[in-house]
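Shared chain: chain A. Partners: chain B in the first complex, chain C in the second.
Entry: the complex of A and B
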């Protein structure tokens, strides 16, 4: 019983971080039809930038903000240089292009920061006792913070002027353009926002297991899975799916090793794609 | 596919076969004149080219991008390893058979599920399936050797009743070349058959193909299986060359490289993937001499530039000629 409660908490915390990664990915997909293969690598890069800033200044919150801004600028540059020329081509070419970007980022991180694991120290000290376990507070704080950031993104999309521009572009590109919304600029901004979300989640995830230059692929894959399970381009759906999949993985790791528990999320994905390809957490399309 | 113009100085088919013969002769002579390092390199290009060509059946001819070819390649490797480790005396034929069966079984499994999905969903699902195989192989240490993989000794090259000898690098190159040339001719024949035409019409317009009355899913399943078999074959060859099977080759990186080979060389040409593999491996060889493992930074940038400015790949301009 206590095992289950611990794993529930664990799953919720991991789920919130994953939800943050996935919300950036789903935002980019929903608006631009781009499957961003480099998303996990932007997250990794953000985490490294965060770790470096933390090393210099010692301030975690500053690191979080700086990482988000740096990666947002990088994301905007990437969008302008690599993805903008591909608009109007087969969406599959964007997978290939972002895959190329992911290779470059990964090796750049290896070159710049080396192969060893970078620790990001915990922003919130202290632990509380949960049955036989000392559970650190910062994990809970991270989950709450991730929730707040996602909530902020949602409010921005719902009520902010530019948020409404973004949603208008999602619904009907041509009409949005006709109404005077600068669609190319919206694309760039959305990619920047998505990248910033990835970077922030990287810094948030940093204290959990440290940062390595190979973590990107893992997160790209997991974010893909929850984005498809939650319904492509559907923000709420991918958040629920992140929590759902992370909980399942946590429970599975009671029985099998964590390396094998990953298969659970693969199976969820395959079943979803077969029986409900529009996503688990969206209303049935009429 | 549009029809060829009627009158030409040389019929394209003749020019094609002359070119084909020249390339094959060059590849036969290559190991005799090259130093050992480049000899091995040439063999490797053939093996990776075969893998890339198998993926071209899907990417170039059916319009489905597979990000999971490492699974078939890796299972081919492990199949060959199993045959060589369990059956005494080690037999080349059984290694091929086991490898093809393993890759084929995986391909049936993947094909059954993944072909119901389209475009990026197909790409993601193949990626996920290959990761499933990777996790199984990586964690099932008793059977697969886990992280260390399996090592074995090379079987003898045997033609029953006539000849039996140890492989030398030169005879191994010729063996690989023979397998690759036969596979190429077979796949070429398949893509030009009515079946191949249906695949190409799925690429061009899937709803219309379905409307004409073709059972699109069935064609896709067969395409994935064929592709998986040839990928498995290249896995067997690679295992034989290196005398090991390792989980690294089931990992996504290999699948990614296969896609790069196709994009660089030219999708939908069958020959292009070989050119792409050669181009990629030569670039890697040249760049890694002074950049070590960071060769992927310039290579990735070249790849992106090619996607933007040269979407047809190196041999894309030959596409029509190569398919006649």
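Entry: the complex of A and C
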């Protein structure tokens, strides 16, 4: 019983971080119809930038903000230089381009920061006792913060002027253009927002397991799974799927080792593709 | 104001417009008649920069539209109401309208007046303002598409078959709105299959066949002598 409660908490916390990574990925997929395979690497790069800023200033919250801004700018540059010229080409071309970018970022991180794990110290100290186990407050704070950031994104998309531009462009690019919405700029902005979300999740996740240059690919895969399971391009679905998959993994790790528990996610992915390819958390299409 | 000179256009490899020349003057309602698939919609898409123009020139207020990006046309005063209406289905009615309102230089006061104006033309849109666009009926979607175009305060509206598939009551309402826009001084390039409506609303009419303009006359002439209409439209 204790185990189950602990793992539920664990699954929720991991799910919120994953939801933050996935919401950026799903936003980009929804509007541009491309899967950005460099998404996790932008997260990793954000974590390294955050760790560096933290090393210099000692201020975690500053590190979080700076990392988000730096990676947003980098994401915008990436979109303009690498992806914008490929719009209208075979989607495979774009996917391969993002793969290339992913490798470049990984190798850059290796060159710049080396292969060792960088630690980000926890900004919120203390633990609380849940039955016999100590659970750090920081993890709870992370989940809450991730929830707030996702909620902020949702409010922005729902009510903001630019949020409406983004949703209109997602639904009908040609009509959006005819209404005077600067669609190329919207693409770049969405890529920047997605990148910033990834970077912020990197800094949030940093204290959990440290920062390495290989962490990105793992998150790309996991975010990709939840984006598919949640219904491609569906923000709410991705968030629910993140929590669902993370909970499943947590419960599975009661029985098997955490590394094996990841298999559960892939099983969910395959089952979703087989039986409900439009996604688990979307209404049945008519 | 809007001038097409000898415009050729291609869809992929097929040659769809052959030397189309059309002119719409400021504040004028011009009809574009023709059977299905003769290039009426394509002509509008050529103006909007959505099909590949291979020859000829399109100018708006003496400005060549060749170098204007697709999202720049709205700012010049050109609004498009497509045949398929293309409502943003997951956006509410009000959000659909906001896509044309949230542009630089629109004061809150002017926003209110613009919204009030379309709500007075289309009271049903006020009732349904918080409903998703995709849940509206066909006629309501057509009204929303026109209202959305009006949010841009355009100088010209390219209106593509606004009455297609609508009930007679709705057709009458659309006809009224075309008159109202005309009174406000908005020019309209009206693509239609509905001959009586076009002859009633437009001052001049172009008739297209096989991707080219075959006939051009004043609506009064066509009303007096319907043989041309019979010849090209078979009605």
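In this section, the second predicted complex is superposed on the first by the 286 of 286 C-alpha atoms of A that agree within 3 Å, B and C clash if a C-alpha of one lies under 4 Å from a C-alpha of the other, contacts with A are read in each partner's own complex, and residues count from 1 in each chain.
The criterion applied here is as follows: a contact is a pair of C-beta atoms (placed from the backbone, for glycine too) under 8 Å apart; a residue touches a chain by one contact, two chains touch by 3 or more.
This is a predicted model, so every value here is computed, not measured.
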**Prompt:** Counting only touches as set out at the top, which of chain B and chain C does A:257 meet: first, second, both, neither?
**Reply:** first
**Request:** Check whether A:152 is in contact with chain B, with chain C, with both or with neither, and answer first, second, both or neither.
**Result:** neither
**Request:** Please indicate which partner A:179 is in contact with in the superposed arrangement: first for chain B, second for chain C, both, or neither.
**Result:** second
**Message:** Quick check for you: in the superposed arrangement, does A:55 touch first (chain B), second (chain C), both or neither?
**Reply:** neither
**Request:** Mind working out whether A:91 is in touch with chain B, chain C, both or neither, as first, second, both or neither?
**Result:** first
**Request:** With both structures superposed, pick whichever of chain B and chain C touches the larger number of chain A residues.
**Result:** B
**Asked** Which parts of chain A are touched by chain B and by chain C alike?
**Response** none
**Complete:** Seen from chain A, its contact residues with chain C in the complex are 161, 164-165, 167-168, 171-172, 174-184
**Item:** chain A-touching residues of chain C, taken from the complex the two chains share
**Value:** 48, 50, 69-75, 79-80, 82, 86, 88-91, 95, 98-100, 102-103, 148, 152
**Fill in**
Per the touch rule, the chain B residues reaching chain A in their complex are 65, 67, 113, 116-117, 119-121, 123-125, 127-129, 131-132, 135-136, 138-139, 252, 256, 259-260, 263, 293-294, 296-297, 299-301, 303-304, 307-308, 311
**chain A to chain B touching residues, read off their complex** = 35, 82, 85-86, 89, 91-93, 95-97, 99-101, 103-104, 106-108, 110-111, 217, 221, 224-225, 228, 257, 259-260, 262-263, 266, 269-270, 273-274, 277
